[in-house]
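There are two complexes below, and they share chain A, which is joined by chain B in the first and by chain C in the second.
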Partner chain A sequence: MKSSVIVFPGSNCDRDIAVALEKMQFQNQMVWHKETKLPKSDLIVIPGGFSYGDYLRSGAIAGKSSIIDEVIKAANSGCLVLGICNGFQILTETGLLKGTLLRNKNLKFINRDVNIKVINNKTKFTSKYISNQILKINIAHNEGNYFTDLSHLEELQKENLIAFKYCNEQGNINEDSNPNGAIENIAGIFNSKKNILGMMPHPERMVDKYISNTDGVNLFSSILK
Partner chain B sequence: MEINNKIIEKHGLKIEEYENIKKLLKRSPNMLELGIFSAMWNEHCSYKSSRIHLKKLPTKGKQVIQGPGENAGVIDIGDDDAIIFKIESHNHPSFIEPYQGAATGVGGILRDVFTMGARPIALLNSIHFGSPSHPKTKNLLNGVVSGIGGYGNCIGIPTVAGETKFNETYNENILVNAMAVGHAKKDKIFYSKAQGINKSVVYVGSKTGRDGIHGASMASAEFDEKSEDKKPTVQVGDPFTEKLLLEACLELMKDDSIIAIQDMGAAGLTSSSVEMASKGSLGIELDLSKIPCREENMTPYEMMLSESQERMLIILEDGKEEHAKKIFAKWDLDFVIIGRTNKTKNLTLKFENQIVGEIPLDALATKAPMYDRKWTKKKISKKKLNLKKLKKIKIEDALVKILSSPNHTNKSWITDQYDQMVMCDTAQRSGSDAAIVRIHNKDKAIAVSVDSSANYCKAHPITGGKQIVCENWRNIVSVGARPLAITNCLNFGNPENQEIMGEFAECLQGIKEACEFLNYPVVSGNVSFYNGTNNKNIFPTPVIGGVGLIQKYPHLLSHRFKSIDSEIILIGKTFGHLEQSCFLKENYSIIDGSPPEVNLLNEKNNGEIVLSLISDNLISSAHDISNGGLIVALSEMSIHSKIGIKIEKPKKLGNLFEYFFGEDQSRYILEVDSEKLKKTETILKKSNIFYEKIGKTQKKFFEIEGEMKTDVNDLFNINNQWYNNF
Partner chain C sequence: MKFSVTVTLKKDVLDPQGKVVQNTLIDLGMNNLKSIRQGKFFEIEIEEKDEKKAEQKVEEMCNKLLVNLIIEDYRITRI
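Presenting the complex of A and B:
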């Protein structure tokens, strides 16, 4: 399977995702943000980081960059697109995903391992997980507080477009297990066609048991299937 | 403008120093030249009070590739790998403007490391604040922590370890020390020494603004009521641009285009150009009209003294200019040839086709003042403590008091604000004795730790200096790494005060003795004097940043207990030294007496045996004993693993408080699987190591026979409250 990782000048998880993809046997290419053409890919990843510094709203400038037009085209023709952290923020800026990422409710950057629950495992991104499986995944963000309007929230719920929700070790989804204030504890969502996934937690950080754990592995192996 | 005494004083120079400048120039300097002298001759850049003492430190060893004198130190970790690291202070700016001060401290130390060809792989910090009840502390803590995080998180280097301490001695002068560690190929290390004449001198990075003018001079004076007025001397950080600069520099470093490279840190363009040319015994001519400026009508004086961040000076090989320019254009960074090297041995500055300044380089560098300041020795306190006179307390209450105190509480409120995982090589994060970072794509790793003990250093500087090197060494050993070398950040008060100068000289003496004995050389560092306000000096606070090597990753260790029913072994002798201890400080507010003695022979023997037990795979967890003594170390092992212990009552020592809270040095706690106990004991006996079997791990309860039995979860909660309530 062929993957492309979009590299903005301020991306800083680009190497991490490339290492994870290669470990999982993807044929990966890095695509510089000034490029105007995407190589043929089955999966496009927009990695974490600070795209253009994010001094304006996170991902705002990246959402208007030249390569992003190509990503939008590919996404609309059904290519799988995964946005992690800043990548999720960028996807909401492009409109490929609805809603927005507000500042964390405690107004601080948060880096820690949190538990998330797999809400929909019947997608190309999550099929190798068990339904309601609890994962421990690292988060690292300042703006991860997902928010959307009521009608979209209803759509997310009705169409089963919520990928992951923050929970505690036992799987309880409540205010205490919500690290950043995200509406309904949402940690990741799909678009209506379920070929685009945006998520705040970093699955690429969880593919090596000596560093953390391997809870992220099945996300990549689901895509490979 | 005429130069008068007031102007000289404003530039932080003494009248005698000004007379010396006139002698060296054989004329009076103009304002630009005076500014340049002030930038190079201040304490921060010239090390004029410290040089004479720093020379005594051991800086060599088989593992050392480059010692002090370069942008950072370089050590050999085998194969073709080198580790490049350094620590630096940003105390003064952080007190005035905590967010930007701390952020640019991180940015500055990162540049020191990647200037030499290393990709930074870890950040550490040592931050000291005043009393939690002091009105400024909360704001400063918040600002500094967000600043450190803001910079490191954005550029994408993990902040993996650090220490945060509170002590009223820092009420009006906090300490912010940042350390960066990078990885390079041994044959791809870049130095700052200029070579060859008529080579292009290139300015790359951000534009020059009016920020940070006289920053280095500010760091060379005490504070007073008007410190707030110094805000404009604090630089503003831009981590995004630094990320671009980092990637562009590393890209250019792939081939042989660069002759020499140096970042524009303290004293900006002045110190970088002067140091590069003077190291190569060359001259350098700069055309200031070409400097990329952020603001209009900047004068040569402002350009030379600006400390705008994210800038580098490079001397390029002939014919490489276009190639280099393309790389910097790719990263949208300025790239301008601003001058050339020559053989005049002068710094020549042109502006609008006129020579506006000309100074012999040796006057700025080698002939900068060096002082052998007077200093006095500190006597060790003879006062002995009478424990019987103290109000009676329970062991459990004393422990709770310590675990819930600001200096011992869990610090995840801070460390959660730092990205510790980016780059995906952090094998052990904050909260352990040392953090562990894997060398990318290799099966080896480095261990890193920063430590300080201001109270010990105040009480007896020689012992304190020794102790802090040993504690750092112990922290590295505890995770199974061979300690290799250190960097130090020497934070002291006013060196013109004999007592303070004595603290400096004696702390250094202690550091020297320990480093020599442990073969733990100093490869880089930084001195920060004048930490004080209105004649109130801070406690002497040398901060040691150590690096060790784990050959065979994943053979590494944490301090968390691994299983129940394993044996707990205490390595090293317990004498029960309570003076200067946390126990007395937190429970009785007594800070008195002498620090615990340091026996370097025991330190070395005990450490070596722990290392060999770890490499023989006999140990499941290890922890060094430091502040708070045995019981605090045990409780940390329990709290972080949620596994309890049952400790037998000590047989030999009379006083339980001395036994459990004494801060005797050179001690470790080891968890040993009962199956491996026999083999472990045989080795310990054969090596003549003093050890005690003190108890076993158990489920749920933290128990000391006949004294206390507490649920580990309760201790966990006690240890986790302070920041939430602050």
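Presenting the complex of A and C:
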């Protein structure tokens, strides 16, 4: 399977995701944001980091770069797109995913492992997980507080477009297990066709038991299936 | 022609920075302070003689990049 990782000035998780993809046997290519053509890809990843130093709003400038037009075209024709952390912020800025990511409620940059629950495991990104499985995945962000309007929130719930929710070790989803104030504890969402996933946690950091754990592996093996 | 654009978070969107600034000012003794909303300010110079056209251009800038319409409101003023 072929993957492309889009690299912006200020991306800093591009190498990590490339290592994870290669470890999972993807044939990966790095694509600089100034490119106007995308190599043939089954999966496009927008990596984490601080594209353009978070100027204006996180992801705002990257969301207008020349390669993004190609990403939008590919996404609209069904290509899988995964946005992690800053990648999620960029996807909301492009309009490929609805809603936005506000500053963390406590105004602090949060870098720690948190628990998330798999809400929808019937998608191309999550089919190898068990429904309601609890994962431990690292988050590292300043703007992870997902926000959207009421009608979109209803759509997310009705159409089963919520991928992951923050929870505690027992799987309880409540205010105490919400690290950043995200609406309904949302950690990741799909678009209506479920070929685009945006998530704040970093699955690429969880693919090696000697470094962290392997809770992110099934996300990539779901895509490979 | 010069314009200013003020961008603020919508009324029902939580503004944690504004809240912290507000609490600090209250700590400094500003007891009659009712509320503070923090925002962004842009000063835009545009080469255009027709005010209406210039303002439309600034509006386009707001919609295309400067403002996230999901969470932010903006106000354009000629300066």
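In this text, the second predicted complex is superposed on the first by the 225 of 225 C-alpha atoms of A that agree within 3 Å, B and C clash if a C-alpha of one lies under 4 Å from a C-alpha of the other, contacts with A are read in each partner's own complex, and residues count from 1 in each chain.
Rule of thumb we're sticking to: a contact is a pair of C-beta atoms (placed from the backbone, for glycine too) under 8 Å apart; a residue touches a chain by one contact, two chains touch by 3 or more.
As the structure is a prediction and not an experimental result, all values here were calculated from the model.
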- Note on the structure: Of the two partners chain B and chain C, more of chain A gets touched by chain B
- Query: Is A:Lys105 touching the first partner chain B, the second partner chain C, both, or neither of them?
  - Reply: second
- Give one of first, second, both or neither to describe whether A:Glu143 is in contact with chain B, with chain C, with both, or with none. neither
- Query: Given the touch rule stated above, what does A:Asn12 touch, chain B (first), chain C (second), both, or neither?
  - Reply: first
- Task: For A:Asp215, select first, second, both or neither according to whether it touches chain B, chain C, the two together, or no partner.
- Result: neither
- Residues of chain C that touch chain A when the two form their complex: 13-14, 16-17, 20, 64-66, 68, 70-71
- List of chain A residues in touch with chain C within their complex: 56-57, 60, 64, 93, 98-100, 102-107, 147-149, 181
- Query: Given the complex with chain A, which residues does chain B contribute to the contact?
  - Reply: 146, 149-150, 153-156, 238-241, 243-244, 247, 331-332, 412, 415-427, 438, 553-554
- Task: Give every residue of chain A touching chain B within the complex, in rising order.
- Result: 9-10, 12-13, 15-16, 19-20, 48-50, 52-55, 108-112, 138, 140, 142, 202, 204-205, 208, 210-212
